[in-house]
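What follows is a group of structures, each given as structure tokens.
In what follows, chain A forms one complex with chain B and a second complex with chain C.
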Partner chain A sequence: MERQEIKAKLKEILSLTDADSGLLEGELDEGLRLREDCGFSSVGMLYTVIGIEEMFGIRFDSVGLGSFVTVGDVVDFIGEKTK
Partner chain B sequence: MPETNNSKSGEKNGAKPKKAPVLSFGYLLYDLIRISAAPGLIIFRPKRIYAGKKPDFRGGMLIVSNHIGFSDPIDLMMLIPERRLRFVCMKEFWASRTSAFWFRSFLTIPVDRENFGMDSFRQITDRLGEGCAVAMFPEGHIDTEGNPIGGFKSGMVLMALKAGVPVLPVLLTERKKPFGRVKAVFGEPIDLAAFCGERPSFAKINEAASYIIEKEKALAEYAGH
Partner chain C sequence: MKTASAEIFRKYTTDEVFDRIKPCSSVSDMWRKVSAEYADTVAINDGGETHTFAELESDAALFRGLLPDGGRIGIIAPNSYGFVKAFIAAVTAGKTCLIMPAGLPAEAVYGLSMQLGLAAVVHTDETADRMSVLSKAAPNVKIISAADSGKEPVPASDVPGDVPAVIMFTGGTTGKSKGAVLSNRAFMRGTVNGCYGIKDVFGQKYLLVLPFSHVFGLIRNLMTSLYTGSTLFICRSNKDMFRDIAVFRPTIMVMVPALAEMALTLSKKFGRNMLGQDLRTIICGAAAVPPYLIREYASMGITLLPGYGLTESANLVSGNPESLKKPDSVGIMYPGMEYRIEDGELWLKGENMMDGYIGDDNSAAYTDGWFRTGDLVRIDDDGFLYITGRIKEIIVLPNGENISPAEVEASFSALNCVQDCELYEDKTENGSSVLVLEVLPRMTELGKLPEEERAGRLRAMIEEVNASLPAYKRYNRLCIRDTDFPRTPAMKILRHGKKQ
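Showing the complex of A and B:
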């Protein structure tokens, strides 16, 4: 799956969470830090991961949700899983 | 946009989930202790109070309770002696091989509170889907100062929704005397699928968590608080 496509879908999911909506305008910045910049709570992260699993048909097994620091980390992970 | 599991029996994609076995070697120690502790129920059994209709204790359910002391899991086990309760506990309790053995024998589900993973989430939803009763203290810590109930983590809502099971709120009260009986108030099971709808937003998940807190707080009046 193309990186741009992943980012567009991810943005769709993030827009439904508690992420700061101002940061989601325009193209999704891969450098955004999930907790510090987006203001994600741990439950927000869990919600996002469930959304990603359903939308992309992948599983986040054997990985802690705290391992993802930036949006880019999540995009990388989805890219790897959807290869 | 997690999809709500609307099936009453925890079905996934139309497929019936495997049911937890009624008897298993894995339950041996848990059941032995349950049986040997049974006489203690005569004296120490918590007093059950129902805020509404008596809940149906059969099938998968997520039991959520306030956390006021170390004996809360034992009190909950005595409250619903007919069920084997799977407690969600912090993974630190599983640190040594000995403690891991005991906590495994007591069918607990370890979670990493610092770096929560989907493995734990799936363990919880799988057990619920298999028809087990999973108990948790969503405040995440013991409150010894008598603060009002609050700060329930919304993760419990996601767990119940994904497993398609109701949430059963329970309010435990403090013992008045060292060997006195605890009073416990049961609320009515909450059907979150009906509350949240097909694909709930994150705001709706938080709203559901607040709703559960309100229901939990409302139980205090039945306990004579």
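Showing the complex of A and C:
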């Protein structure tokens, strides 16, 4: 899957969560930090994990979203899993 | 003073089902009946590993042989078959179980064991590391792994109803956490009351996502499931909830509103019911339930039943079997609940009430034997209860007017585009008092509008509601949040000025 496509779909999922909506305008910034910049709560994290698994048909298995620092890290992970 | 009766619930199910709901004097009394009647039914499905009622009893019988003399046993374990086995074994041996939250640190496990004079503490592999302080500092307290068994089976004992069954910690969102002592009688009243107001309650499939260290998980989920000969699937991680649902296909789930909201949002996003085709009922509580959730789930063929309860009342006080007709209500009082309303505050007595807080003089909690809930309520002509606020959260304005934030917030939460909101008092630079309303928009609804119109339309709708309120209840400042509210572990809003 193309990186742009992953980012567009990820943005759709993030828009359902409690992520700061101001950060989601325009193209998704890969440098955004999930906790510090997006302000995710534990519910937001849960939404994101389940949303990504459902949207991309992949599994996080034992990898938690907590192991990712930035949006770019998540895009890398999805890219690897959907290869 | 009024006492609620069971008959009022008869019309919500068939006579056959209603007449099967019978009181039990103790957990032993219930367990002997159900473990024989449903012997070959699967009682617990722990992530795919199944255990019938008969197997659970034979495992519990061997476990009883490990329990030392002495009345109190601590259990620290994540939701698991090991927890259920140890819990059933201990309570039906006449022990009192102190249910510790699974995340409690080793020092606190030791501290509680000393403070409450525990004879033993049961752990699972996941919590074995929390025995480190206890094992060195208190050699007299027996440490037992839930995976172990005694040599000979020991049958359940006859346990009088007044023997304490559990000590449960209250949430502690408004102060220090306290241990509520629930007798076998109270615990079973709570368990049986969980059966009322639901059309099909026996032989169901429950999927558990709430912790056993919370009464909503222990009583309404585990105990009512066992009582009704149902199967309880233990979801080990909330992250896997929807995968577990797809495999197990539950018919009933017990949830907090934040989780029900999440399941709804994801179902809409992915165009399929994420809770599975077999789900018919959601029992929802532990925080205010938005009417939007009731309506949306009804359109999916799922009945969402809100309720109200406390740790101190063995989980349940009231439940709403007419949630579509009266979506703002937390329902009618469960059988055996004695209640009165004093200055708007709900006072309770009855079989399901706790004996008191352990190690506390309790005088602040009771007046003339009535437990004061601290919740402000009203009851309509049909006997339906409405929560209008918390005494401790009441805002007293400089002119003496009293405002209950929950009551005002409910007016705004009725809007589909409002997911959650909080009203609080703030001071301006010159010290005058202002009311602030913070709103978290519900993006699944607001997102239906063109992007450039969203902010303006949302504000207009909220302002319209504000203008409809009595002048002194109107907010002076509106703040639309970009991010969720800070929340307590039970996903309730951590209210302004309160520390977690």
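Basically, the second predicted complex is superposed on the first by the 83 of 83 C-alpha atoms of A that agree within 3 Å, B and C clash if a C-alpha of one lies under 4 Å from a C-alpha of the other, contacts with A are read in each partner's own complex, and residues count from 1 in each chain.
In the analysis below, a residue touches a chain if its C-beta (ideal position, glycine included) is under 8 Å from a C-beta of that chain, and two chains touch if they have at least 3 such contacts.
Source: prediction; values computed, not measured.
Novice: Regarding the shared-chain residue A:16, is it in contact with chain B (first), chain C (second), both, or neither?
Specialist: Touch partners of A:16: chain B and chain C.
Novice: Touch test for A:61: chain B only (first), chain C only (second), both, or neither?
Specialist: So A:61 only meets chain B here.
Novice: Where does A:36 make contact in the superposed view: on chain B (first), on chain C (second), on both, or on neither?
Specialist: After superposing on A, A:36 lies clear of both chain B and chain C.
Novice: In the overlaid three-chain picture, which partner chain does A:50 touch, first (chain B) or second (chain C), both, or neither?
Specialist: After superposing on A, A:50 lies in contact with both chain B and chain C.
Novice: Would you sort A:5 into first (chain B), second (chain C), both or neither based on which partner it touches?
Specialist: Neither: A:5 stays clear of chain B and chain C.
Novice: Just to be sure I follow: which residues of chain A are touched by chain B in one complex and then by chain C in the other one?
Specialist: 13, 16, 18, 42-44, 46-47, 49-51, 54-55, 60, 64
Novice: Going by the contact rule set out above, which residues of chain A touch chain B in the complex?
Specialist: These residues of chain A touch chain B: 13, 16-18, 42-47, 49-51, 53-55, 59-67.
Novice: Residue numbers of chain A touching chain C in their complex, please.
Specialist: Against chain C, chain A makes touches at 12-13, 15-16, 18-22, 38-39, 41-44, 46-47, 49-51, 54-55, 60, 64.
Novice: Along chain B, where are the residues that touch chain A in the complex?
Specialist: Interface residues on chain B, with respect to chain A: 1-3, 112, 114-119, 121, 153-155, 158, 162, 201-203, 205-206.
Novice: Spell out the residues on chain C that touch chain A in their complex, using ranges where they run on.
Specialist: Residues of chain C touching chain A: 238-239, 241-242, 258, 262, 265-266, 269-270, 274, 440, 443-444, 447, 482-484, 486-487, 491.
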